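Both complexes below contain chain A, partnered by chain B and then by chain C.
Let's turn to the complex of A and B:
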């Protein structure tokens, strides 16, 4: 009863397939080699290129972290904008930012070319740290202190957008990072400056 | 059997005992009618979710618009996502599972016809629980992936999330029951000779999807049970201040959420794998490879979930591992794309509407697939995650992939469903407006995402370079709406007045085309013996179906009784059981309201009602 599985079309006479053409073999080989190179580049970028931000996460009590942020803000406070302190920590300092519905606390004033250790955490729900317009994204979750070494390379007045949905005021949750040069100046057109200099935080 | 389309008869074939009326639909256990119920319900929700999307796009058309409030906006995008995933694409696939699997494997019904009815009624009840609150301004508003702790009671104290948790739990019951049913059907009820490697690819992909459902849904169920206990009974699974891990929900959700993506897309892959060979007049290129790659996609789908979480800082090792698995999963997917292209290569292609949608899937899904590979690289993903770029990516996958594939399936199987053809001219209009609209809506989202626009923002300020792209996206929605309107006009008109189709209007090769359209309630007057992967192309007609003299009498088809085929009795019990189960779970809402006695009263009454219904169900004969 079982008949051969075939196509319903006129059978193709003889051996219908041909051995792979030389060009095809070269193409497959090139593709394979390229895959391997890309694969090797992943760890290479990470260890040599500084591409993958290697944050360190530690467990932290959300309320304790917020208290530390407030203490930090009071210590280095240099000004105020709409009720939020503007904080200018010295180079190499531990810098604390807490995300809470619906603000980034406090406003940072950093100096170009200096290294800081940035600590990010949240007081309540998940938030997203997105530095506009450079599109660097980190999720900021309560209970984890996301530690990150940053060296600002472009001056300007940058915005931190929240890009993890956090409720009714999600779209209004915008923070500020001011990066000044050695003389304490910011460039007025920060967006163009950042993109022009290939800026990285 | 001839490879040419059979000439259409003048009237629809019928057994003369096809009952209509609302009671026959409420009590039906016929897999074909349940399939139609799924199809119609899902299309209704499609309009519902589409209108939500239209309002979202109207709100985002320009900067600082105030068409809806932020509160309403949050409900709209949450419900758009939830509706489209759980109430549109999954049940549209279910419609095809129900209708097609028994026909494609040569069976008379699914393994458990009454459980099948139960699945549908539970799905409908769950859908109502999730969608109805938006009419009262109380719809879920935590995003379709409802990240805890935002969705815990401390931060979302209203009823909104309660409906979401309960509705999703109820929908999960429907999906799980259906999955066990279809697995049993495919394993046990294939016609003689229908070995696994002769099964049509749609049935194969459905088979894979059912396993994904039974492995992935328990995970979301566990996550939702934790959330439900947190919200109703004051537990602390997601309370960070009490020591909960804030990433627990994210891991659980995405262990479910990523296989869910394949649950949504694989049935569409199966449908185009039916459509492309028929309209290319060629067998599917590399059938075994298509099947194996489908299985591989399903298996690998469980190992990629954390690529949704690169930005939470899992460290370079975890990031690299999930990058690699994500890149790996692109290989079987790419294999499928190339197989479909090779199927068309050198074939005699007929550009029917169905074929055009299938070709569009191959093209549009490739766009979505390539942006998916971009996300697999963790450094690149850090720039794209939670931006509109991701929104563009998954809409290309789900609209350009799943919806276009399902549309190909609707145009292809409508004749089998109703006995009539969908109008091809209207179909072409539908195709072009919808596909142009899809690209116009979703392509600019790549750009607005790369310019930094985050997801889920209610509105935005001018001057960030986002205005033009958002306006283009909103204009695209108009084209999509026109396209879908044309489709619904065509659908309703053709159901009543379309040209009579005949058994096999497309000259298709698989078993379901050997029997009359619409299909009589017993499907096969005679169970066919299958000796080929493409029985209608390779086997003689007499091997598959009995002669006309044996199956018809007096100008109509014989009834099941005349043929001596036992049929399951219609029964209302699955509907009653579904209502009791849903009401029992909804009793929890009164705990939130602070009325414990009423909550317990409802839950105990409905629980007893459910128990008695199940006893009655299990003790009443099937046929």
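Let's turn to the complex of A and C:
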């Protein structure tokens, strides 16, 4: 029943379609079941879990998206920091952030526990949205609007790093997101969050 | 395919160790490709040293422009040139030597090699002159000089033609009956790699030809998301070439070093077929948090349709060590669970490279890869240092390490030279793998704190807003830095050994049995032969009375440990994910 003993370097005479041994069969079965679990976890998390990269996705003209972002910033502007508007949209609003070499426009001021639809896109090349320090990462692609429903769960002064190479100034590209509580304070309950200078959160 | 006329009888020599027939033209093609691979490794490793000393923020060696430029050079030379030239050598080796065959159209083979070299030189010229500062992924609308894209196209065309020649060689071997029965498993694995190569290289044409036309102004734009889809259908699927080639080498080194046997051809071959079936889907691993694709597409594709390629790797992860264990047991090393491991030839660099490759690839590369390639968990990992942390464990500690191990056998077998600096060679795999493991751990842990990949300055000294990473990140980056220095030393040692052996090495044509000779791996002078009644012993080892752990209880325990580590790491990451903001 066994094939004749041979190494992987030797040609195999005759029929090699022979039954496997028990341990091998068990391992293949275990691995198969595990693979099904790996697979099932993803739909399961869409159903029960709170973090999914689904969002609403559509194509946009990069310039039109930028214009929409500027209009949004003007509409809800509450302050300014480093020349960038600080924008405080109401809960449930569509929020726009444009990535352009080398900045994230504008600065957002959101409220803890409220849901927003955060639209991300780029005016020029690919950028990488990386929310620091909680480490949430999304690809930002020119011509595509990624509308993610986000609910901040902690207050603080957050950063947006760029983690897709976008040109020689890539490492200078940092944006800012402020999350306040119901009373408008940034009581930081995530101690690791960097606290910026300037600006009136 | 035009096949050369039947070769002159003198075109073959008989290998002194294995008795295989080696065709002189094929030998030259193997040598040329292997040497070029080593040159590429030298360039890539030199760049690696400078990169690692830049990412180690406390050292921060290079200026920004040169960091990004050399990052492109490193990616290109390592992942593309080093790996693919070596794979070309493997294809020529598997197609001709292992099958006692002549190569199909060797002149065309030299031409294709030339094409690839010209392509490589164009690419390097563009990169070093700063006309292609786009990293090796070159996502548009970032644009490089047209010559850069042209170089890639030439390289890919050359490679595709060699793959065609490999298939032609298989046909010749079959027609001329140079072997009896079915292809050896190692050749079967190489064939798997070749088939996948065709698929990925066609995607390459699909992506680089329009991009080239765009760069010369003939078409107005390349859609950035479509580019990413097609580019990764080339870029990630080609990693499956590396996996298939690596697994083929695992089986080869297992056979050469410890007489590893194939437990069951059906299981191993079916696993190779699984690699082929779902291959184009791998692109999704890079697009899990992209705006261009919906959840259903992402789930089906990232899992290669329900993780069938993962299943394949888990199968090989069992059959390779089990084959080694059984091979050892059949030779009489039967004591206890792990006697076969204890008494294995750890001083043979071919063997140690094999084991290190299997272990790091499986435990580190495999587990992290499946985890961060999960649709939602990718939110935690995308474009952080966790990504290079993962793939250095697969393509470097796995594939590159296996290639190095194979080289220690190819030097005497194909180049007919003793391995130079034998004492160094004996520890080289440990040095390289150990250093690399530190790099991988450092990167993975730093990445878990959100440290981005492809980033010159995480102190953000020139940024508008300050960013302060958790101080422990410095520790991880130092781990990566020190590991990087060790790994590069290991890589340079390998290069030195290879170059000295090839060009100045002592000639060997005879492999006297039974004596240990410095410079010749023990698998050649003390071949791991099985006893005459091996089939009988094999029956006994497989007796049902030995219980469900069967003939290879040691391996059963090892994969059990692996499986527990896998489960733990995987669910820990789901837990970490659940702490983030709510996102949907």
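Basically, the second predicted complex is superposed on the first by the 152 of 201 C-alpha atoms of A that agree within 3 Å, B and C clash if a C-alpha of one lies under 4 Å from a C-alpha of the other, contacts with A are read in each partner's own complex, and residues count from 1 in each chain.
Everything below uses one rule, namely that contacts are C-beta pairs under 8 Å (C-beta built on N, C-alpha and C of every residue); 3 or more make two chains touch, one makes a residue touch a chain.
Since we're looking at a predicted model, the values are computed, not measured.
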Which of chain B and chain C A:125 touches, first, second, both or neither: both
Chain B versus chain C as contact partner of A:75, first or second or both or neither: neither
Contacts of A:36 with chain B and chain C, given as first, second, both or neither: second
Partner chain(s) touched by A:63 [first = chain B, second = chain C, both, neither]: first
Partner chain(s) touched by A:150 [first = chain B, second = chain C, both, neither]: second
Residue contacts on chain A - larger count, chain B or chain C: C
Contact residues common to both interfaces of chain A (with chain B and with chain C): 2-3, 5-9, 39, 42-43, 45-46, 51-55, 57, 124-126, 128, 130, 132-133, 135-139, 141-144, 146, 161-168, 170-171
In the complex, chain B residues that touch chain A: 3, 70-71, 74, 142-143, 147, 149-150, 154-156, 193, 198, 240-241, 244-247, 281-283, 309, 311-313, 315-316, 319-320, 323-324, 377-379, 382-387, 450-452, 454-460, 464, 509, 529, 531-534, 537-539
Complex contacts: residues of chain A adjacent to chain B: 1-3, 5-9, 39, 42-43, 45-46, 51-55, 57, 61-63, 101, 124-126, 128, 130, 132-133, 135-139, 141-144, 146, 161-171
Complex contacts: residues of chain A adjacent to chain C: 2-14, 16-24, 26-28, 30-32, 34-36, 38-39, 41-43, 45-46, 49-55, 57, 82, 84, 103, 115, 120-121, 124-126, 128, 130-146, 148-154, 159, 161-168, 170-176, 192, 194, 196-197
Interfacial residue positions of chain C with respect to chain A in the complex: 18, 64-65, 68, 98-99, 133, 135, 139-142, 179-186, 189, 223-225, 228, 248, 251-252, 254-256, 259-269, 287-295, 298-299, 302-303, 306-308, 310-311, 314-315, 318-319, 322-323, 327, 330, 370, 374-376, 378-384, 448-450, 452-458, 460, 462-470, 530, 534-535, 538-539, 542, 548-552, 555-556, 559, 563, 566-567, 570, 574, 577-584
